[in-house]
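What follows is a set of structures to go through.
One chain, subunit A, links the two complexes that follow: it is found with subunit B in the first and with subunit C in the second.
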Partner chain A sequence: MSPLLEIRGLSVSHARGARRFLAVEELDLVLAAGEVLAVVGESGCGKSTLLASIARLFADPRSRIESGSIRLAGGELVGLSEERLRLLRGSAIGFVFQDAQAALNPVLRVGAQIEEGRRSGSASTLELLARVGLPEPERVAASFPHQLSGGMRQRALVALALAGRPQLLLADEPTSALDPVLGREILDLLVGACRREGMGLVLVTHEIALALRYAQRVAVMYAGRIVEIARAQELGTHARHPYTAALLASDPARTPRGQRFRAIPGAAPAAGEPVTGCAFAPRCTLVREHCRHARPPLAGGSACFFSEEVRP
Partner chain B sequence: MLWAALALVCLLHALAAAAPLLANDAPLWIRTRAGARFPAFEALGWSERFLLLCSPWVLAAPLWLATRSRLALACPLIALLLALCWQAAAGPRVFVPAGEWKRQLGAQPALFAPVPFGYRETNPSEAWRPPTWLASAEIDESGRYVGRAQASGGLELPPAPVEVRAGEPARNAALRHPLGTDAQGRDLLARVLYGARNSLAIGLASALLALVIGTLLGALAGWRGGRTDLVISRAIELVLCFPVLFLVLLVASVGWGSVSAVWTISAVLGLTGWTGVARLLRAEFLRLREAEFVLAARGLGFTETRIVLCHALPNALAPLIVATSFFAGTAMLVESAISYLGAGLVEPESSLGGLVKGGSEHVWMVLFPGAVLALAVISWNLLGEELRDLNDPRLSGEQA
Partner chain C sequence: MSLPVCELRDAVVRHRGAARPALTGLSLQLFPGEFLAVAGESGSGKSTLVRALARHLPLESGTLAVNVERHRLQLVFQDPYASLDPRQRAGAALEEVLHVHRREGSAAALLSEVGLAAALADRFPHELSGGERQRLAIARALALEPAGLLLDEPVSALDPSHRAQVLNLLVELRARRGLACLLVTHDLALVRVLADRLAVLEEGRLVECGPAVELLARPTVAATRRLVEAAGL
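Now for the complex of A and B:
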């Protein structure tokens, strides 16, 4: 049986003025039905671009997929006509956006927006709202987005994503606009919904702690590539890429009390900046001369020549 | 405040639409030997019948807006249908010279409109009569003003006995001519009513035309962007360069065959006035195109048409409505200016600007049409402002 989502050799480019640069390069990813995969990395590493390219839902219409293949349940998405892809959006691929305030239409009532997203066979609007843990679904349905609190809005946004009964849910930092407690509630909700309905979930986040807690597998991205991909437990205890180790070390929650957490020195390469060798080399503590000339391939789950030497 | 403004606009338009019922020299109903007749309605065309049938619906508009009843939207269609049936059932249109019905009428029972004067009905013996509730308007049997010193200039006509026709109030009744008369003894109230009818029609028709054209082109420019935007933006600049007043003067004075000047003026105002709406909507759509909820709507698999109509347009509605309703007010002012210059509606058709021009030396001829014009323009502007607040739920004050 083919996996729910299979991405092979995906390269995506953005336009800046007359020039183009690659935001995602030669990326491979596989997701099984019912699986939760987290993609972590710092801002600008291409994780949101990766998500947008799956449904070809770029914020900038000039962005495009340069090469590679994206298969959803065996069907190829790259090269599919806009119209055919449109029919898949909402019904096969659902989106949960980062900022519910911006992603909900301010002048339409919440109930009307969810009603509009429903497909035949979907649960009723009120049932959807109740399912995402909103008390008084009738009142929420009759409200405008600005009349709800931030947490309620985000729940409504999840209900909107579930309205079309998608097989694959793409969540782009669904919690970064919320406080930590609310964020966990939303993620509990998302992961629970996936488990119940057998949906696949790709969760993009910059908080590695959340990724480790909620995902079965975690992919770490850096400068448009996956540098490490592993099961969550393994990644948390035995990081095999220096960047993952640095990310874990910089997480305040994992730093023992009284000890300063270690920020990663330096900055990621700017978008479009030419990179030779390993993109992380300038910031790496284990860097050798070899790293600056040859690009390490993603082998055995880690894109590092010296993955054996990485200590968490 | 919103409801007051809305009620005022609706009231004015309902009165204008029902004008033939309110001021008419032909009786609404008479009994003849052959049976009942309805002379006032025999002179109407189908569009006038349609407007007449619409007027209660317009009057009740605040009510059906408050209840958000969908049935109310069907009412104009029902009115149109009824008007067509009525037209089919009615005999051929009867043209009777102004005032003829009242001269022919003997002692048989008849029912007249509240203002029993036609807007074209002249009465030379009553020229320039001030509002009849004033003491200075009192006239004796021979037609002399009682309270006024006699003939000052050589051009004044010798006084003649006032002709009181069938169905009219008595010679010195306070309500005979509540707003006075003009140079040909036509009742100013009837003329103001029909003048307001023409002015409001021009305001509404040109605003709707501007709204439709401006929305289409503005949305296209803003949403498509690129070359489409370039072409439409240049078109907007080109149209903005037209000296509108001169263009309207030209078209209004040349005319367009047998088409009423009301419609030619509306067309010119609408065809030159859409740029404001278009520029507003273009700017709104340039902003909305990038909005995250539009991306989210795309993510839900909606068609582009649906996103534009159901998601983007409702967000741009507020400035559109404000612009349209301000435009309706401005269009009425422009029409009045043209009529004042003498190139708009031609006599005996009445227009508020023309009335002011025709009697600028008499205070009642300036005051009453001017006040009605001001009232109409102000009510449109008020409505626009109130609607803007209503359409923005963020300003509605409701909080969860």
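Now for the complex of A and C:
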């Protein structure tokens, strides 16, 4: 059986002035139907660009896919016309973004927006709104987005994403603007819907703790590449890339009381900055001379020459 | 016990035109040198509380006592642009505050105190990373030799690594300067690491307040339990 989503050799570039630089480089990723995969990393690592490239919804219209292939249920998306892609967005591919206010149409009532996105065979609009935990679906359906609280808007956005019964759901920091109690409820909803409907979910987040809690597999991105990918349980206990270990150590929940929080020294290479060797080398505690000259390939789930030496 | 840096008693705050008050009968003290965390779900009144303490919002009833000079209680926002002029370079922004308030000290010393390289003095806020910008906002507050910092979710928009740096800075400042810190956060994992006391708000009321370690281990109200659970503690 072919995977639901199969990305091969994907490179994506952003424009800055007259120059272009790669935000995602030679990236491979596979997602099975019904699987929840989290992509984690610091801002600027390319995780949102990766997600945007799947449906070609770039924040900057000058961004473009340079090479590679993105297949959804076997069908190639790269090179597809804008018109064909538009048909897939909202039907085969659903979205939940961080900013529900921006994602919902401000001049259309919530119910009408969901009705518009509904496919035959989907639950009714009111049923969808009830399913995402909105207590008064009739009132919400008749409301404009600005009349709802932030939490209600985010729930409405989830209902809208589910209305098209997508095969693939793309979620970019869907809860980072919400308090953790609400955030948890929204993620429970998303993950529950994926299990029930056999949807695939790609969850982009900068919180590794969230990724470990909700995803079956976690991909860690750094400077436009995946540096580690593993089952969540394994990654949480046996990181095999120094960057993953550093991210885990920076999780406040793993910091003992009264101790300093663990920051990762230095900064990721700036966008467009040329990198030779391993991009993480300047910040790495395990770095050797070799790392500064040769780029470690992603092999056996880790892009580190010394993955056996990584300690949590 | 020493005099609190600031203290609210039975405070009621109502936003203009709102039927329900945003804070109801709230009493809370911030003591010198303590690290007080204020937690609660969205809409519980955390930011209103901070704004009331900073006199940015009037009280409908109740009292606010600030026992230090007004400028010695400084506010730090989630979005550092709220206190930084985007057209002013980092060094100039600090010089200006020092000059206007006739303070000793230099921009270079303030930058160094918050762990920013001297070279960053020539940068505009947008040329700094989110974490650097937040440290600059803290440096600006330090220029006024505060006795207390009111911090409204200063790290919730930051990456884990920048978050760690800013939080470590707060812990250092408190130790070095004896600063009182009131930190609004909804992340109880942070609270467990650094706070002395925890106050939990729900619908504008203070529903729990006490030693952070005890409350996290044995929350007595549902609001705290939900937050503890969501933090994965």
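Everything that follows uses one rule, which is that the second predicted complex is superposed on the first by the 312 of 312 C-alpha atoms of A that agree within 3 Å, B and C clash if a C-alpha of one lies under 4 Å from a C-alpha of the other, contacts with A are read in each partner's own complex, and residues count from 1 in each chain.
Basically, contacts are C-beta pairs under 8 Å (C-beta built on N, C-alpha and C of every residue); 3 or more make two chains touch, one makes a residue touch a chain.
Please read these numbers as outputs of a predicted model, since none were measured by experiment.
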**Message:** For A:11, using the defined touch cut-off, is the partner it touches subunit B, subunit C, both, or neither? Pick first, second, both or neither.
**Reply:** neither
**Request:** Name the contact category of A:122: first (subunit B only), second (subunit C only), both, or neither.
**Result:** neither
**Item:** Partner chain(s) touched by A:208 [first = subunit B, second = subunit C, both, neither]
**Value:** second
**Message:** I'd like to know which partner A:216 touches here: subunit B for first, subunit C for second, both or neither.
**Reply:** neither
**Message:** With both complexes overlaid on chain A, does A:69 touch subunit B (first), subunit C (second), both or neither?
**Reply:** neither
**Message:** With both complexes superposed on chain A, which partner does A:178 reach: first (subunit B), second (subunit C), both or neither?
**Reply:** second
**Fill in**
Dual-contact residues of subunit A, meaning touching subunit B and subunit C, are 149
**Prompt:** For subunit A, which residues count as touching subunit B in their complex?
**Reply:** 55, 57, 59, 86-91, 93-95, 97, 99, 102-108, 116-117, 139, 143-144, 146-149, 152, 160, 163-164
**Message:** Considering only the defined contacts, which subunit C positions touch subunit A in the complex?
**Reply:** 40-43, 129-130, 159-165, 167-168, 171, 186-190, 192-194, 213, 226-227, 229-233
**Item:** Residues of subunit B defined as touching subunit A within the complex
**Value:** 290-293, 295-303, 310-311, 314-315, 317, 391-394, 398-400
**Asked** Of all residues in subunit A, which touch subunit C in the complex?
**Response** 42-43, 149-151, 178-184, 206-209, 213, 246-247, 250-253, 255-264, 267
